[in-house]
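Structures are listed in the sections that come next.
Each of the next two complexes has chain A plus one other chain: chain B in the first, chain C in the second.
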Partner chain A sequence: MAYTPQYYPGSTSVGINRRKHMSGNLEKLRDISEADIVATMGHRAPGADYASTHPPLKEMGEPDCPIRQIVAPTPGAAAGDRVRYSQFSDSYYFGPSVPYWRSYYGSINCKGCDPGTLSGRQIIEARERDIEAYTKKIMDSEMFDPALAQMKGCTVHGHSLRLQENGTMFDMLARTEMGKDGNVYQVKDQVGIPLDKKLNLGKPMSEAEAKKRTTIFRVDGVSMHGKVGARKYDEAVEALHHMWELRSKWGYRPE
Partner chain B sequence: MVTKSDTESIQVEIVPNRYLMPATAQSLLNEIYENGGIIRIMIHGPNLPRSVPYGPGKGAPIEENRNLLIEVGGQAFELSVNVGRIRLELESEKYFDGLKAACERALPFSFQIRRGKFFHTHPTLTDYAKFGKVEDTRILGLIDPKANKNRLGHIV
Partner chain C sequence: MAVKHTKKLFIKTLNKKFATEQKLLASKGIKEDNLQDTKTGYLRLGPDQNARKREFMEYAKKLEGKRGMTGYNPYVHCGGIPLGQRQLVPYKLSGTEYVVEGDDLHFVNNPAMQQMWDDIRRTIIVGLDMSHEVLQKRLGKEVTPETINNYLEILNHAMPGAAVVQEHMCETHPGLVDDCNVRVFTGDDALADEIDDQYLIDLNKLFPAEQAEAIKAAIGKTTWQAIHVPTIVVRSCDGGTTSRWSAMQLCMTFIDAYNMCAGEAAVADLAYAAKHAAVLQMSEMLPARRARGPNNPGGLSFGFMADMVQTSRTNPADPVMVSLNVVAAGSMLYDQIWLGSYMSGGVGFTQYATAAYTNDVLDDFCYYGVDYAVDKYGGFAKAPKTIDVAKELATETNAYGMEQYESFPTLLEDHFGGSQRASVLAAASGITCAIGTGHAQIGLAGWYLSMLLHKEGWGRLGFFGYDLQDQCGPTNVFSYQSDEGNPLELRGANYPNYAMNVGHQGEYAGISSAAHAGRMDAFACNPLIKATFANPALVFDFADIRGCFGKGGAREFRAAGDRALVMPAV
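The block that comes next holds the complex of A and B.
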């Protein structure tokens, strides 16, 4: 029987969603065009050539190396693309993905990437055409919500603030705006430079939908400690305590 | 036994559950103003810069944050923060219920309102560095200590 990786414990909706994010079996909720993703990332103009830092690997004459023979390079690495990034920030108010889960997603599912986790944002670096493909997958899936998650290359602090009146995450640089038709539009790239045209990111999730899809444990949503007063811990907490104990006492080496 | 004076001023903090759009902020501030009894008031929230402060887009204008003019009590002023918290001092307790009702009228979502002590009474080191000896102590607690002198709070 083929081995199925078991990613995360727990029977709560948050545990299930975390498993989904790690495994990469994500539901596709929208289809944002590649050109729109490229424009939002802001590293190159849509349709422009990829800049490169070295010639394509085939022309370079690589050394005889067994690892290079086993591991096929990603399209970006094979072509010699620059390394570029996309960075997301998720609201604490039931944002779709917490930074660690974005990193787990990147580490497990995105070949040749370098994820970085911070308290309120998560960055993935990879070769340019690879990061564009990964970012499209993320933005089309349930790991993204136009109101509660945003691509923010800098000035990310809205993640820890209350939501704005229209239900979107606060953004000091006003990179997105809520249209009269209920859709959220990207009006600036991830570092705040205005775009030539507004890009439609679709309608935000309802509050109930966001609570259903979130990977955040919250006392007013799915609490990590079970129902208040019940003290019935989720399996996720028990596993976390177990790992913490192993880590603290033996540095993950129980012999 | 000392009887407390019923004309003693009280301090109140209003925290809406969402950040307010300028129109809602204007409507709320007008309701509060019409309720009367205000000695001083401070609006607080995240900064809305006029241009991108840092990063690769540094200096790019943020048109959405410009000209956020609101009119309160017949006086127009420009918002430089996204209103998320209002602290005020009222002349006496009798204005408190009216204030609560004003918030209920103006805010389309829930909010918290509480009494307490929200303005400091003695000048801090920063106050001294910025203003020297403070003559009018009502200004204490109204100022963002990190703000430039030309962007200090407006007093309604």
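The block that comes next holds the complex of A and C.
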């Protein structure tokens, strides 16, 4: 019988959503054009050639290497693309994804990528055409919401701040704006350089929808540990206790 | 027993902190928010909204003509989008009434913070007994309380940089070095009685009776000099200077006080005894790649840091307050000065560190956890020293803290960086476990569990460094192999895995302190350190770390080492 990865414990919606992110089995919620994704990333103009750091692998005459024979290069690596990035910031207020789950998603599902995880942002680097494809998949999916997740290459603070009055995450550089039609528009690229035109990212999720799709445990949503005086630990906590205890005991080696 | 803390201490502070914002919002016709609203109006008022930023800009304007080039200008940020897109709010020093601007807590703007570090690095502890033995046995001199008092009088003339024995020497201006002093302390009450009060650190008067007895028992009938060389000396040189500066003056003073020949071979014996044989630096020398001598912050152990802070002497009944003052001292020194300036640069480190000693947040989380432990186990340090207890106390304290961040968006916004939240939650968990059990290693176990729970709940932790230090950290808690583990009191800023990460070292010092504060110990690691920093003549008040930082921020603190005396008036 083929092995099916379990990915993550727990039967709550948060546990289920975390498993979905890790497995890559994501629901597609929107279709943002490739050109708009490229413009938002800001590494090249839409339609421009890819810059390269080396000739295509086929032209390079690679050494005889068993690993190279086993692992097929990604399209970006095969073409010699430079490595570029996309970085997302996720709101505490039921943002659909959280930094570690973005990294787990990347590590498991995005070949040839290098994820980095912080508290207010999460970056994935890869060959340029590969990261563009990964970013589109992310932004079209339930891992993204135009109000509660933003692509921010720098000046990222906002994830832990109160939301703006219109329900969008605070952004010091105001890279997005809420349109009168209820859609969120990208007006600057991820490092804050103004775009030639506004790009429609679609409507934000409703509060109920965001709570349904979120991967963050919160006391006003799905709590990981119940409340003061009425503790009830999620299965994730029990698994974590087990792991912490074994790690701690392993370190005690008096020999 | 602890005072029962049923209120959320940070609420009063947040109300004060966000009061200006609420008024501003109301003036713009935006519904006045409360601490639990998840939305607010962002007025994007820029740096002009804040008095300190205005002061900076006005001063920079004055300097422009003088400097002949541009300088401070917050409008060059991010292509002209200035700092202050959200409301700039002040900080309250925890446990005090001081409210200051964030800028006032950068150590460059805060003379009290500088003085705390100056007072540490200008200190060295030198034993007197071996020198006395050499004088008596090798040189046939008589040593009595009278000769010791005479020696101390000469030493307090020489140590600031004045001459004895030799003439035509260049001396220091007494007004520039008035903070320099040498006092002695001893476990021998009979000898202490004979020492002139002005030269004595009187353990019996300065410490509660039980603590004084414990310290005297630990040091026995030995006698030690608490030497504080002038602040201006270590500011011109560095901490490595302290032992050299003091050693030369000690030796010259012995020659003078005991009418010795300045050249005979026996003086070499005395010089070794007086300068090197019984010397305690405040911190160890670091490896060559760190390129720092002794008495620099990187080699300062957490146990020594815990003992430098004197709140255990002045407020022994409140081990949380003791621990929090150690956290404050450690966060400032290790994060803002050591990692933030010696090891790195920039302005981010202040922001990280302040979370641990402002706005009564860590205080609230710690009192909650310790009350829980006291209620369950019947007092401080009464809980079994087991991994199960660490699991229970850390999980409860961490859960409480996370819940507060989730319930009070203004609190989450106050600690807007994940590293701040991670440090505060883990410190509260660690301090709770340490006070509850009286064991620093159980506290450390609680710290790491908190980190993992935090990451699990919110899917994020601190910056990249937390991936290494905190997720693999549990394995070093109980390890006693030399390059992996140690009792927490003996670990320090340069311990493997701790050497690179802001938001940890001050808290580890706090956990070291908490274990002993919970047990009502007189000291955490070294009685000589505890006694030395009880010296009332120190410029910085090591019993009230946070109050002193507040004074520094409020521009009420007078530091030593000022050069104004020998410069033209501004």
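Keep in mind that, in the parts below, the second predicted complex is superposed on the first by the 245 of 255 C-alpha atoms of A that agree within 3 Å, B and C clash if a C-alpha of one lies under 4 Å from a C-alpha of the other, contacts with A are read in each partner's own complex, and residues count from 1 in each chain.
FYI, contacts are C-beta pairs under 8 Å (C-beta built on N, C-alpha and C of every residue); 3 or more make two chains touch, one makes a residue touch a chain.
On a predicted model such as this, the values are computed, not experimentally measured, just so you know.
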Partner chain in contact with A:Glu177 - chain B first, chain C second, else both or neither: first
Using the superposition on chain A described above, determine whether A:His241 touches chain B (first), chain C (second), both, or neither. second
First (chain B), second (chain C), both or neither touched by A:Ser160: second
Chain B or chain C, by number of chain A residues touched: C
Which of the two partners, first being chain B and second being chain C, lies in contact with A:Gly192: first, second, both, or neither? both
Applying the touch criterion given at the start, work out whether A:Val98 contacts chain B, chain C, both or neither, answering first, second, both or neither. second
Need the overlap of the two footprints on chain A, from chain B and from chain C, as residue ranges. 155, 157, 161-165, 170, 172-174, 192
Chain C partner, complex, touching residues on chain A are 18, 92-93, 97-101, 116-120, 155, 157, 160-165, 167, 170, 172-174, 192, 215-220, 224-228, 231, 233, 236-237, 240-241, 243-245, 247-254
Residue set of chain A touching chain B in the complex reads 42, 153-155, 157-158, 161-166, 170, 172-174, 177, 188-189, 191-194
Seen from chain C, its contact residues with chain A in the complex are 30, 33, 37-42, 78-79, 81, 85-86, 387, 391, 395-396, 399-400, 402-403, 406-407, 409-410, 412-413, 415-419, 421-422, 445, 448-449, 452-453, 455-464, 467, 472, 474-481, 484-485
Over in the complex, which chain B residues touch chain A? Could you list them? 16-21, 24, 46-49, 52-57, 60, 62, 64-65, 82, 84, 108-109
